[in-house]
Amino acid sequence: MSETRSLRKQSIPSLLEKLEQNGQRIIAPQPAGPSGTPWFTDLDRERHIDLEQMTAVSPKSGLFPVVEEILRFRKDGKQVVIEGDKVKVQPTVLFGLRPCDARGLRILESIFQEGEPDVFLRERRAATTVVAFSCTAADPDCFCTSVGGGPGDTEGSDLLLSAIDDDHFLVEIVTPKGKELVELGAGLFEPAKESEQTKVLAAVPVRFPIADVLTKLPALFNLESFWQEQSLACLGCSTCAFVCPICSCFDLEDEADLKCGSRLRCWDSCGQRLFTLHASGHNPRSVQSQRWRQRVMHKFSYLPERGRKARGSAPAEGSTSLLGCVGCGRCSRSCPVDMNLIERLTAIAESDL
Amino acid sequence: MAETVRRTSGQTVVNDMEALRQRARELLDAGTVQVIIGYANGSNRRVRPFFARRPEDLERLILDDRCVLNLAVYLRKPEVKALGKAAVIATPPLLRSILQLAAENHYQESEAVFLALDSAGNVLELSSAEQIAGVLGSLPGSTGQDACVPSADRMPALSAGSTDRQARFAFWKQEFERCIRCYACRAACPMCYCEQCLVDSNQPQWIPVAAHSIGNLEWHISRAMHLAGRCVNCGACSEACPAGIPLNLVNQFLADRIQQEFGQKAGTSAKLDYALSVFSGSDRETFIK
Amino acid sequence: MSPENVYQPYLMRIDRAVDEAPGIRTFRLLFEDEECGKNFRFKAGQFGEYSVFGEGESTFCIASSPTRTGYIECTFRQTGRVTSALAALDEGDILGFRGPYGNVFPVDEWKGKNLLFIAGGIALPPLRCVIWNALDLRENFGDVSIIYGARSVADLVYKHELEEWGKRDDVKLMTTVDPGGETPDWKGQVGFVPHVLEKANPSSENTIALVCGPPIMIKLTLPVLAKLGFAAGDTFTTLENRMKCGFGKCGRCNVGKYYVCVDGPVFTLEQLQTMPAEF
């Protein structure tokens, strides 16, 4: 195991205060709106940090904002000047993630950094420290353990805090950045004793055999009726993509007045009818069942296959580290028509073709 | 972590499911319809739309106060249309949307059959807008606030008659901040049937696509204006919104204004001129004359 | 913005604008930064993102040949917001260009082979790039044949170049217009591209076929090529999926395990046959 410390639960507010004093921006899940479900926002002392309920939307905006200005320009007669300095990001602590969220950020990073590296995501990640908490409870939509993660998984976290009893966290220092954070909070962290190494973790059963999903998908592609049946209720509302920690489709849009403007990168989704619509009116994915199929294939077939190609033979066939899903269950929780993903992946794993 | 349950309770509001199932079975057997669109129990205490095509599927049909998603949206979905003629298990909000769709020429006479229960527990089989209009007022649950839709009383700043504009604006500004522009509200709305939504047309780009404060405000104001006098307050938009924004309240606010000003209420008649595009000599505004 | 920003376009000045056909325009673009222009290299088949600042970006191939350096050309049809704004630009105006993106026609591997180009309508530009590339290195190739069709005479693009190719005796050019699209003085063929191809009956011996055109033309042309004996691995085309980023991130052009912007736009028929028909 990595280097560890012990932290008292009651020290968390002091830790956050110290970090703020150090100029860190803190983003944490706090209740929002009339329903009070937690939402990742800038820390507001009036509110409490909610580590109990899963946020409706993932913390991916911490690295991949809903809207990002990728270019600014000024027009002067016929002249155009592209302006702006290096990407400016404030040192940030993403606080209160779940292990699946942190793992999701890792995958998001690899999507944006492989091939042409994306400077915005890179700079943001470089300035961000991810503090995740192991899960002590899971709900029936969680399936991290079916896709290679787990309630105490450290991947993608800089620090992982796990409850060991009612009053203490075991702090795993996963990266040097995590170590720096511990140093900023000096005085609050104590050495972890031998007896303080056992994390209290939620039991998350494996819900379906992922290997079967991976092997069956390519041949299932052509079975139109299967996808139509799976997605009969799907509204194409894109909620599943927008709440997902890994979905990274985007749109580029210009906004400008006569003199200056900017080019913006905005979240988008392959579930939208307009996503693939050609100017000619032709649409390669013209009905929702094709778009649902794309969602599943992209996460569980195309991404793993591309990942294998990009990294040579390193991760073996069937490896879960290249999936486009960490099993957070958000899409299932938020889908207005209950297109439960576990259920659909199970049907895929069990299909006989 | 507490089990995440949607904003609804799952209380049974319909005890006469058997009667509904029986009529649905008759319709399937007779070949009058090929699919019954209703609700079934879904995963983890949620409900889901359900498409029953065989008599044995009918056992799964349920109806309770979690059934907010407006099934009328499926009448325009190609894959569902391909199943054949449909009978829809109807709630008052759904019937209101059918009436409003008919008023806008988007529901054709006998395009589908609607099965509803009257207060005596009898099954009503409705297929024309006229029939719907005739019984709608007497159906249980058709008046007052529909059970699980966010209601204004929970939000003091918005409570009926509140004239505190500043408080209202502050509230909505904060709510719209969370909008991520997924357009689930639009996808779930029976009245958002436009082939090309205003927000998707870019010549010119009327509404910013980006989910920043101004873009979100413009999107929601435009949507509200486009639904003014058309929204039937089914609550499907609020139910679908992943950010939990109580959108139907905006639309309801406008609906109330339209009723005050023009004496019209969407979803009450299939013969309703659109209040905001009809001019009459008796209008109070002087600019028309 | 730092030069490593992959979204940052080159500034290009429109050196020459040509109206090719109704709604279709060609720009010759020079790099505002001469140094960039000198160092810029691309290969046949690659594309770029062209932008009007304030309106957005649009994707088209580089229509000029990689053998001609210092400038690039693009030809586009005015359809949406960006292309309308582009069409409104004129000589001397500035636009943005990101690229080159995508894979290439393996022109270097075709030494000694005959080349058969088949194009329809506005889809000549990607092949025009290869045609000039081959003609500039004429000794490397065997026969060069071109079959090009459009709806009507007015809709043919690169009219001057067609004339030039027609006059050359080392190029076999066959132009055609759809029935009803001819003018009284039209000297080319009348008929659809697949029929003209069938009549022309070119040999598939040692020959590479390159096909670009509207989906329906491609669909009807491929069986003819197969009948003529062209192997699927020797038949090339480009896919025209919608694109935004150009480098495999935005997800828009994803077809099966391929991103058209990275793994394409050039595909052999053999590859297409293994791909989902989502193009």
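In this document, chain identifiers A, B and C correspond to the written order of the chains, with residue numbering beginning at 1 in each.
What we mean here is this: contacts are C-beta pairs under 8 Å (C-beta built on N, C-alpha and C of every residue); 3 or more make two chains touch, one makes a residue touch a chain.
For clarity, every value in this text was computed on a predicted model and none was experimentally measured.
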Arrangement of touching chains [line / ring / star / complete / other]: complete
Chain with minimal offset from the mean of all protein Cα atoms: A
Distance between chain centroids, defined by C-alpha means - chain B, chain C (Å): 48
Chain A-chain C separation of Cα centroids, rounded to whole Å: 39
CA centroid of chain A to CA centroid of chain B, Å: 32
Residue numbers of chain A (touch at least two other chains): 251, 253, 255
Where chain C touches two or more other chains, by residue: 80
Residues of chain C touching chain A in the complex: 1-2, 4-9, 11, 51, 53-57, 79-80, 83, 92-94, 96, 215, 240-242, 244-245, 247-252, 254-257, 262, 276-279
Chain A-touching residues of chain B, taken from the complex the two chains share: 1-4, 7, 42-44, 46-51, 69, 73-74, 77-80, 150, 154-155, 175, 178, 180-184, 186-188, 200, 208-212, 215, 236, 239-240, 242-246
Residue numbers on chain A that touch chain C, as the complex places them: 70-73, 75, 78-80, 82-87, 111-112, 115-120, 221, 248-257, 261, 263, 265, 268, 270, 275-280, 282, 284-285, 290, 294, 297-298, 301-302, 305-306
In the complex, chain C residues that touch chain B: 80-81, 84
Contacting residues of chain A [partner chain B, same complex]: 32-35, 37, 39, 52-54, 56-57, 66-67, 135-141, 202, 228, 231-233, 235-239, 241-243, 251, 253, 255, 264, 266-267, 269, 272, 274, 287-289, 332-334, 336-340, 342-343
